[in-house]
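Labels run A, B, C and D following the written order; every chain starts at residue 1.
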Amino acid sequence: MIIILKNNDYSEENPSVQKLTEYIKNYDVNISKIIGSQTTIWGLVGDTSKIDIDMIRQFDIVENVQRVAEPFKNANRKFHPDDSIIDVAGKKIGAGYFSVMAGPCSVESQEQITDIAKKVKNSGSAFLRGGAYKPRTSPYSFQGLRDMGINMLLEAKKAADVPIVTEIMDLSHLDYFGEVDIIQVGTRNMQNFELLKELGHTKKPILLKRGFANTIEEFLMSAEYIMAGGNSNIVLCERGIRSFDNKTRNVLDISAIPVIKRLSHLPIIIDPSHATGYSYLVEPMAYAAVAAGADGLMIEVHNDPQNALSDGAQSLTPEQFDKVMQSIIKRVEFEGKIMQR
Amino acid sequence: MIIILKNNDYSEENPSVQKLTEYIKNYDVNISKIIGSQTTIWGLVGDTSKIDIDMIRQFDIVENVQRVAEPFKNANRKFHPDDSIIDVAGKKIGAGYFSVMAGPCSVESQEQITDIAKKVKNSGSAFLRGGAYKPRTSPYSFQGLRDMGINMLLEAKKAADVPIVTEIMDLSHLDYFGEVDIIQVGTRNMQNFELLKELGHTKKPILLKRGFANTIEEFLMSAEYIMAGGNSNIVLCERGIRSFDNKTRNVLDISAIPVIKRLSHLPIIIDPSHATGYSYLVEPMAYAAVAAGADGLMIEVHNDPQNALSDGAQSLTPEQFDKVMQSIIKRVEFEGKIMQR
Amino acid sequence: MIIILKNNDYSEENPSVQKLTEYIKNYDVNISKIIGSQTTIWGLVGDTSKIDIDMIRQFDIVENVQRVAEPFKNANRKFHPDDSIIDVAGKKIGAGYFSVMAGPCSVESQEQITDIAKKVKNSGSAFLRGGAYKPRTSPYSFQGLRDMGINMLLEAKKAADVPIVTEIMDLSHLDYFGEVDIIQVGTRNMQNFELLKELGHTKKPILLKRGFANTIEEFLMSAEYIMAGGNSNIVLCERGIRSFDNKTRNVLDISAIPVIKRLSHLPIIIDPSHATGYSYLVEPMAYAAVAAGADGLMIEVHNDPQNALSDGAQSLTPEQFDKVMQSIIKRVEFEGKIMQR
Amino acid sequence: MIIILKNNDYSEENPSVQKLTEYIKNYDVNISKIIGSQTTIWGLVGDTSKIDIDMIRQFDIVENVQRVAEPFKNANRKFHPDDSIIDVAGKKIGAGYFSVMAGPCSVESQEQITDIAKKVKNSGSAFLRGGAYKPRTSPYSFQGLRDMGINMLLEAKKAADVPIVTEIMDLSHLDYFGEVDIIQVGTRNMQNFELLKELGHTKKPILLKRGFANTIEEFLMSAEYIMAGGNSNIVLCERGIRSFDNKTRNVLDISAIPVIKRLSHLPIIIDPSHATGYSYLVEPMAYAAVAAGADGLMIEVHNDPQNALSDGAQSLTPEQFDKVMQSIIKRVEFEGKIMQR
C-alpha cells in the first residue's frame, strides 16, 4: 500500500504524522518513506490486506492512498496458483473442464421444466437452470413460482437425473435450497453482503453473478465475502455490464474471462442470454466465450419462448439449443478442454 | 404501448398475429393498427401498466415494443398531481418543506452518537442519521455495530430529542427497527425486491436511495414496489451514479431532482457526502441541490473524521457542518421553502 | 417514425397541430393517427430517414418521438442484404474473407518499420499498420513522425510488398495519403464530421474506428457520412468502449460484431490491442473475435515493445505474434472463412 | 511517479532493471526504492510531468505505474494559485466575475440572429452565442450556414454591440474566425489535438467544452495542449457526460465545477441546455451551477423554438430567458459575485 502525503516537509513530531504512524502500527506492517519534490510517499511493507483504505484516506495529511496488492486473499491466484475445480454432483467446473447450464428463465409448470430438463441434458448440458424466485423490475411482472418452483425443479432433477442451479433472493428462503445443487446469487444481490456472509457458512456451491455495474475487483471481493466464511465452492459468472448503448441489454465483458483468470483461481462462466437480451446474439457470444477461455456457459432455453413468463426474447428453443450445443462441443474440444455432461 | 411488427403485410389469419392478438386481449386494451412502409405499428389503447413489455417482445413477429406511458402508477404524478408530504415525528418532508438529516456514517459508541446527535440538532438538522448495519465492499472492513448500534441510536434519539434514520440490510433485522423513525434502503439494496415488498407491508417511512447504476425509471419502479404493498411514505434519495471518471467517487446527478419532480409526486433529497466521497465537495453540492429544488439533504458529520470507522474522508466536523448549515438555512429561505428542525 | 403527442384531445383546428402537420407534409410521408387513453400517437408512413428527429421534438404538443426505421440508409442491410466486400490491393475484406492488419502503434524509424513489415507479412498479416500521426492525450508525449512517418511506411510497403493502413488526424494532411492503401479514422475523430465528409469525396478505403463512447447507431451514422459523399469502401473497427472498470483500458464490445452484421452490410474488424491495453489480453480477445464472426483483426506488433515510443504495453513481439497467428489461421479455417495474406 | 515492479528480489545487475534505470535517468529525476513483501516500489523524485507513463508501463519488470503529481502544468493551480481572469471585449470571466452567453443553437437568418442578439443582451447576457458550423450526428440534418453564418453573427455583433462566441469544426475554417471574440471547441473536438495545437498558436480566447465521455484529467490535458502553444485564454465548459440513463440527453456533472476549481486556475462555465436536452431543465440546472460556484452559463435561446433548425427542444424563448435571467442575477449577487453585462 502506498500513501501519498500532501507535503514533503513533515517532521516526525507533527501530531498528524504521529497519529497516522500509530494507526498503521496496529497492522504489523513497516513504513518506508520517500521524500518527493512536492509530496512524501509512504510505502507500507507487509500484509496490508486487512487495512481499510478508506480509513487511511481520512487522515488530514493524506493526499491519496493506493493499493499495490489486491485487497482479496482467498480468491487471489497469487496465494493459490492452480485453477480451482468446483465439484458438483460428479461434474467438474474449472481447470480444463467445461460445463453448460441450460434451462428456462422461469419455472412455469412441472411439465415444462421436466420436459426442458430432459431435452437440455440430452443436448449435452451438465446442469439444469431455472428460476423459482424471480427478481423483476416491476412489481406487476410475474414474480416466479417461488418455493413451489423449487419443488418442481427438484422433481425435474429426479426425472431427468440432472443437477440443478437456481437463484436465491432472500436469506429467509435458504431452507428451500437444501437439495439444490448450485445456489445462484443474482446480479442485483452481488453486494447483498448479509446474504454472502450466510452463504459462506454453508458448503453449497455458489454461482456468483457479477453485478451489472460492478468492477472486477468488487466482484472478487464479493467472492471473498463467501470464502472468508469458509466456503470456497464458488463459480463466477459474467453476465453483461451496463453501458450507454441500447442495441443490447448489457455489454458482455468477454475480457473479464482472461482478466479474472489472471487475478483469481476461481472458475468463470458466461451467460450470453441475460447479457445481450436477444436470442440471435446467444450463439456468437457463446462461441466467443469458449474461445476466450471460459469454463462454462449459462444459456436460456424455453420450449415455447413466445409464451415464456419471463425473458422469452433471449431464449433459444430446445431445437436451436441442440444445434448450438453441437458447435459448442466441437469448440470445447478445439480448445483442448473436457466437456462435462 | 406501441408494438412494431417486423413486416407490413401480415394477414389477420396469420397464426402469430392471432396469438399476439389473443395475448393482448387479456389486458382489456384496444389495438389500433398503422400499416407502414416497412413495418406495422400496433398502438395499444387503455391501461397498459400491467402488461409485461418483455412478454410482448418475445413474439416472433415483434420487432420492438415501446411504452408510451410510464410503467409506474402509484408513484406517478399524472395520477397524483400534488406533491406528497411525508410526515415523520412532527417534521414534514416535501412540498416546500426542507429537512436535513445529518450524522456519522457509522455509529461507533454511545458517547459519539449522542454527542453528534445534540450537535447536528443544534445546527438545524431535523434528523439524526447513523449507520448500524454497514454494507462494506470488503469482508475485512468494519461491518457496523449492528443491533447494538440501533440501540445506541435510540438512546441518542431520546437524549437529543431528534428522530433517527438508519439503514436496513436484511429482512431478518426488521424487528430491530420498530422505534426507528425512517428506515433507509441503501443503494445496493434498491433492487432487493423481497426487502422492498416487505417494507411495503409496514407503515414506516422509507428513505429509498437510488442504486448507483440504476435509471430513474428503475428508481421509481422500486418505489412502486413499496407503494404497491400499501406504504406511500417514501422519500427518494439521489446519491451519485457510477461513471468513467475517478475524481469523485460517483457523479452526483443533480438533474435527477427536476426530472423526478416532473415524473413523480414523491419528495427527493440529496446525499452529497456519499455521492462525491470528499468533504470539500459537500458544501458546493449541497448548495447546488437546494438551488435545483431538492426537498432535503443527507450529510455526514463526524466528531473526529480522522478516526471515523468508515467514510471519514467525506465527513464534515460538527463545526464545519454548523457553518454550512447557516448558509443552507439562508438558501432554503431564498428558495421560499420552510426549513424543518 | 412515431410521434407521441401530449394529450388525446387535439382538434384539427389547433394551430400547433396544423403547424406540425405542415412541417411533416414537407417530407412526403403520410400521417396515421391513434387516439390513446392519455395521448395521441401519429405514425409517419413513408421514407422518414431525412426527417430530423430533433426538429419534431421541439414542437410544443410533442411528448416524444421515436424512430421505427434506422436513420441510416446507405449503410443499412435492409437496402443491401448481401455482405459488402472491400477490395484493397488484391486483398478482400468481408463476406467470408478474413484479414489481419499488424504493426507498431508508431512508426519510429525506417529500419524498424521495414523489419516489422517483413515479419508480420511473413506470419500471415495481409496489411501493415503503423502510426505516423499520433493522437496523444498529453502534449508532452511523442506525437509521431508525421509526414516523415508516412514516407517510411511507403518505403516499407515497397520493401515488404504489403499494403498499408495509417491514421489521418487532420484534413490538411490528406495530400500525404495518396499512396496509403487504407486511411484510418481514429476513435477520437469518429465524429469529426468535416473529415468524414471530405473522405466521402475520395475513393479511398476507410478504416473507421468506433468512438470510445459512441453508440452503434452513431457509429453507423458516421459511416453514412462517408457513404453519403459517394465512398462505400468502409471497414468498421470496434476498439473498446469506456466503462467504469479499470482492469482494462476499455471494454471490448465483442457483441458489436453480430449486432452490426445484422444492421449493416459493411465488414467489421476488431482491435484487441487498443481495446484492452495489455498484451496478455490480445490473444484471448483475438480468438473471441474470430469466433464471434469478425472479418479481421488489427493487432499491435513491435520488435522491441519495451522501447516502443507509444503503447508498448499492449504490443506483441514478432515472435509472440507469429505464434498467435498460427492459432488464428486455424480458427479462421474452423469458421469456414478464407484467410487473406 | 510511482513504479511498482513485479517482484521484490531484483538485483542491480538485472538487465531489465538497468534498462529501466537508464530510461528514467534521461529525465533528470531520482529513484528511491522500497522493497516490499511481494513487489518493489520505485519512487521517482523530481519533475516527472514530461515522462510518458505508457512508456514506463511497457518495461517487462513493471507491474504498474501511477502518477503522484498531475500530468498538466500550465493549467495546474499548484503553479498558479490565483484564479485566472479571461478578459474578452471588456468582459471578465473568472475570479468572481460571472458571465452569461446566450443565443440560438444555429444561426438561421440575419433577422433571427440580430433580433436574438438584442434580446439576450437586453436581458443581461454578456455574450451572444450562435452556431455557424454545426456538428450533427446525421449527414441528412441541417449542417449550419457555415461561413455565411459567421458573417451574420458579425453583423449581429455590430448591430447589438455584443461580443460573440461560435464553434470551429475544422482548422481550414480558422480564417473566418478573425473577428469572432471567443472560439468554441465542441465536445466532439475536445481531443482533436491538431486543432488544439493550432489554437494554441493564436491569442484568441477559447471556450473548450468537455468531451461527453472524457475524464476531468483529459479535459485539463486538452487545455494544456492549447496552453503549451502559448495561449492561456481558456474558458472551460462542462456540458454533460454520457451515462446509462435516458431521461436526460447527458448527465450534467455539476461537481466538475469544484473539482476543476481545486485542480486548475482556469474559469469554468456550465451549459445546461446541451447537457440536459430539455428546456424545462435549463432553469434548475442553471441555478444549481451558480450555487456550486460556476463562473458563467451558456444558455440556448431561440425566438421560435418550434421552428428552430436544430435543438429547439432545449431552447428557451427570449421571454423565458428574461425571466430566468432575473433570478440568475439575484443568485449571482447572493453568491457575492459580479455579473458581467
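One rule holds for everything that comes next: contacts are C-beta pairs under 8 Å (C-beta built on N, C-alpha and C of every residue); 3 or more make two chains touch, one makes a residue touch a chain.
Please read these numbers as outputs of a predicted model, since none were measured by experiment.
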Most widely separated chain from subunit A, with each centre as the mean of CA atoms: D
Result of counting contacting C-beta pairs for A-C and C-D, higher pair: C-D
Approximate Å spacing (C-alpha centroids) for the pair subunit A, subunit C: 32
Between subunit D and subunit A, distance of the C-alpha-averaged centres to the nearest whole Å: 39
CA centroid of subunit C to CA centroid of subunit D, Å: 26
Touching two or more other chains - residue numbers and ranges from subunit D: 213, 242-244, 246
Parts of subunit A lying in touch with subunit D, wherever the complex brings them together: 2, 4, 32, 34-39, 41, 43, 45-47, 64, 66, 68-69, 78, 213, 242-244, 246
Subunit C partner contacts - residues on subunit D that touch it in the complex: 16, 19, 49-50, 52, 54-55, 57-60, 71, 133, 135-143, 169-172, 188-189, 191-195, 197, 212-213, 218, 221, 224-225, 228, 242, 305-306, 308-313, 315
Residues of subunit D that touch subunit B when the two form their complex: 213, 215-217, 241, 243-248, 251-255, 257-259, 262-263, 275-276, 280-281, 284-285, 287-293, 331, 334
